[in-house]
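Shared between the two complexes below is subunit A, which has subunit B as its partner in the first and subunit C in the second.
Moving on to the complex of A and B:
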């Protein structure tokens, strides 16, 4: 009996022990849950506070005035290191000369990264005060209300009569000046002198006409059986922006926009440019797209059309000294090339217009234009500097000539769509998907439909 | 007791609140805004007029968009099935406990954990017509070189092959988890009954990993429909739109041409397609489960 009672006590003791342990565990779990909940709630509150801080700082992003100091935000197209370094040093110099003004520098890679960044900033009400952007942005961003006119400042500017007309035209829209060029990026004709010598051609006489270009390309092409191992003339075949085609159109006296701002794609000049390209390109080309390196840069092509800035590393390579040269692209009727142009624009939300203009003016002084030419090989944009620029580098006279005969993208609201359709059109012709006439008409009709809409 | 439950409820809500806050802010709100924008001609600027169904009507006559839908369907169809088959084979072949098998698993996983941008750049060089490794191999074997990404008929298959190579590790790891969940006793029973390895594979392994297969099918399908980076980097949608996908078209229209309203309509169509496929898969999955269990 006693044993039973003892057993019962022991059992109760065990059960109680388990209960206590369970209760303790439950308590600890509940405590843990409370701690977790409290932590999560704290994290949430902190996150909300942090976002409020971010939002509030965003709202003052576009130009702020802290006591006596004005802060301006600059966003530049292109993220290459040498140019970024140049702009940072220019800002430093500007700030030291203008103690009340601070410039925040930012940049974005050419193409979609820049568009995405800028669109996001404007959509969030934090558009930059000063924007360094290209021709294609002008019409769309003016119409979207992202840029404000600077005609009043321009009319009083000391350099207004010195800026090249072709360059000034790039930033003018509907009679108002919106952007002033700080750099031009003409497409130049690049060729390998050593390969010219090998093929028995005079390295000092690059092709000047379309016929010469075709003949030279055939002579310079190297094949192993059916396979082209060295392109006589490298021309893009997929992706990217086919401005190389524009060079031939411009050189044949063609344009993509008429005086009324309407597209002119299906004209004889474009058909002739296509006929010329189709007559030889498959025999002499190694296909590439703009996301790849041009075969010319890799040493797999003897001639190409290339952006002046993209060619710079090759011209500076000691191993290629005296082996690479540039010239104005060969043409059929008119000496012309495609020339991109980067300009400084004033953002529509800029509150400190005088200060922003002061910076723009500083960046466009003769000294800075020349400094950019020296350190970055960028062609000058002011007429009075042509001679001085030519003395800086043996190829600068070619660069200056390319800027002078350079034509940019159409400054219209349909330019971005034009770019897509032109790229499609060029591929359809080069891949023989459509006849030249069909491709030209299709692109024209699609663009007209777009404008009509 | 009631107070207890209420307190638990509050705790539960607090626990799931961060997810819902994130989901609402970054998924639901953008979907709603996008839906509204799809009925406008919003161009990222001042224009945002209501234009009814015009964007949707236009989609059905837009050759580029229709081509992108076709390309996306082809891409998904030819990616998902090979991925599942090859991923399963990979999982079965590296399932087990040994250092060599662990190393083999790691090798399969490497491409999956590598960024798509980096992988695309590497494959871009491999497909290069003059210096690329694939043409060098073809020439070495006595075949004619190909223009790969510059060939209208080959460009999309080139992207599909790269996609399969990159994602095989993902499928393998999910299947490995599924294989680990199959009780060993079933195989032992199979052995006792004299079943061959193949018989056990098709009678035990394949049916038991079918929920996993269903999960993989749905996720790889959705991923295929979201294809973008490799197209952007390797082909830019070309040649002649032969590789453009729905997301690529959305991107081009939205950020290349600022046609946000039109791009929003495209993305709503993509959302409906993905939703439809997922729903169909789930229905089929439910029916299948209902029959087999």
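Moving on to the complex of A and C:
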């Protein structure tokens, strides 16, 4: 009996063992199946994602060099429609004449958007091949290694002797040419002819000197009791970039940077410019911020200093066209004004330098410079075109002269900081928070301190 | 429960001494209610004016001529409303394309992100796995880092995306996902906030739901899709709306990721009304109104979810 029972137990044990083994096997098969299905699902998802990515990107992205075609990326400062359209048509023309080169056009709004985009692209190793940017970018981007010199191409360029010296200077840094101007925005002296007549002044003879400007401004100012209702001369009391003050400094023979690239803020030229402005500005001005609309545009001022482009709507207005005129800004020692400038630069990562230069050269031909002046009202940058440009509009000779005598922002790495300090300084003087001497010294010392001198 | 009904027991308690007292207290309470109502209306009116005035100015400027905008005094009602500004604004660029791009990117982002965020939120809330807390803390840290900080690394990742835009398997040689829809969509499909929101929502579910589902033979995925997802309508609606407005209004990322007019989104295109010296305010305002219409319509239709989304996390149920 006992043996039988033992045998039964053994048999049951074996059966149980088999059952457990079977169950284990089954479990492992199920696990394997699970793992397999999970892996398959992952692979499928990855494959779908990859195909989606490849499909979506291949259709839109063009590589930098396809087998027979070189693609160059161009990023331009400013994204207004008229100028964007001009550049697109220029690119089309260029591509038709240069079948092996494709230009991928892109732009970004002026200011922060352009800087953010450009910084990210360069940081990500996707910097554009050709960049359209302003003077203030030169020193910092050269030092950051974003621009590469084009001196070798420039020295062989047919237009090298034709480009205005003042314009060429804007793109030159430490003896090398980095940028060539495609657009300039000089500050012009604008005045109202009708208001001149009304005040008994000759509308064809705008003020040429500082003294004349002061006298005219006083004559043209209209007051109701003590309140100025029409400014004789509109001058901003606050600004994002106080270049209106620079016009007086330049006209007095001053500069903000010396030959060694050091700041020269506290010099007699600036003090005299301040003294002149302080001598009459409160009597003739309606205060405004240069980021706002100039009172001259609103019809509340008889004279002002204004960006040539900002004046365009007024000159195009049939009711105002004959009432508004422009001239070179009045000066004390030297005929000069402030002139902004946008240039074409070659990105440091550009592998196809010859092709990039070919495009730059094409954009700077006489035909294109003239085309820009016709379609976009941009003053010319080449000396040989002055006469032809003058024929297009009665005021074009003034604009061309303003470009010729135009001076831009200092091409130094401290230029952005200078801009802030200069703005503060001008405001402090205009609002009598500091004396002229104190304000000049403060700005100079702060800047010197910040650049480690 | 409104204020009147809240005060009912108080009134009843006071009514015991007699009819006279009831009357006086009743009048006083009615007066208080009336004053409260007037005050509420005045406050609402005040805030409506404060918030609505800029919008009114935006509409007004969109209908003005540039001469009116430049006038020294503020023009509230244009002499002749210039509806043509809307036509001009829409002709100033390829707006059909910009709207398509924004709409396409936004819809895809919303659809994918809702699924991914809810699934991740579910995992954090309902599945107990090792390192769950640590992972969740890492996720919360993600919420604290401003997007500007991660912008460049993210851009590099998109540029180096394997097998895209001429890239090889190691993500080199091409331009990756730059100037592609994928490049505009992928960075937005998952986000710490969305996961956090969903997790908080799923935490309030009783454990019995999971147990019942398990007894009925549901896997985790089936439990999520068959039980949790259908019950998630409120949180998904709130998250969807926030995601929609966030993606639609995104400016910096499309700005740096796109490099052609055909890929521009509405927000990037809105900057086109400015040149070196002038801003075409009337056209800019007209285009802004048109581009905001999508959000306004969405808000009107789903405003209760908007508010729920804003309040999410502020109350503990």
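Some notes on this structure:
Keep this in mind: the second predicted complex is superposed on the first by the 388 of 453 C-alpha atoms of A that agree within 3 Å, B and C clash if a C-alpha of one lies under 4 Å from a C-alpha of the other, contacts with A are read in each partner's own complex, and residues count from 1 in each chain.
Here is the rule we go by: a contact is a pair of C-beta atoms (placed from the backbone, for glycine too) under 8 Å apart; a residue touches a chain by one contact, two chains touch by 3 or more.
What you are looking at is a predicted structure, and each value in this text was computed from that prediction instead of being measured.
Contacts of A:100 after superposition: neither subunit B nor subunit C is touched. Applying the stated contact rule after C-alpha superposition, one finds that A:394 touches neither subunit B nor subunit C. By the touch criterion defined above, A:123 lies against subunit B and subunit C together after alignment on the C-alpha atoms of chain A.
In the superposed model, A:307 lies in contact with subunit C only, and not with subunit B.
Contact with neither subunit B nor subunit C is seen for A:268 once the two complexes are overlaid on the shared chain. Looking at the shared chain after the overlay, A:420 reaches subunit B, while subunit C stays out of its contact range. In the superposed model, A:298 makes contact with both subunit B and subunit C. Shared-chain residue A:115: touches subunit B; no touch with subunit C. Residue overlap on subunit A between its contacts with subunit B in one complex and with subunit C in the other: 116, 123, 295, 298, 300.
The residues of subunit A lying in touch with subunit B in their complex are 33-34, 36-37, 40-41, 43-44, 47, 112, 115-116, 119, 122-123, 140-141, 143-146, 226-229, 237-240, 286-287, 289-292, 295, 298, 300, 416-417, 419-420, 423-424, 427-428, 431, 433. By the touch criterion stated above, subunit B contacts subunit A in their complex at residues 10-11, 14-15, 17-18, 21, 43-47, 64, 124, 128-131, 139, 144-145, 147, 149-150, 152, 155, 233-241, 251-252, 255-258. For subunit A in complex with subunit C, the residues that touch the partner chain are 50, 52-54, 56-58, 60-61, 63-64, 73, 75, 78-84, 104-106, 108-110, 113, 116-117, 120-121, 123-126, 185, 293, 295, 297-300, 307-310, 312-313, 317, 340. Contact residues of subunit C toward subunit A in the complex are 66-67, 69-72, 92-93, 151-152, 155-156, 159, 161-166, 173-183, 252, 255-256, 258-263, 271-278.
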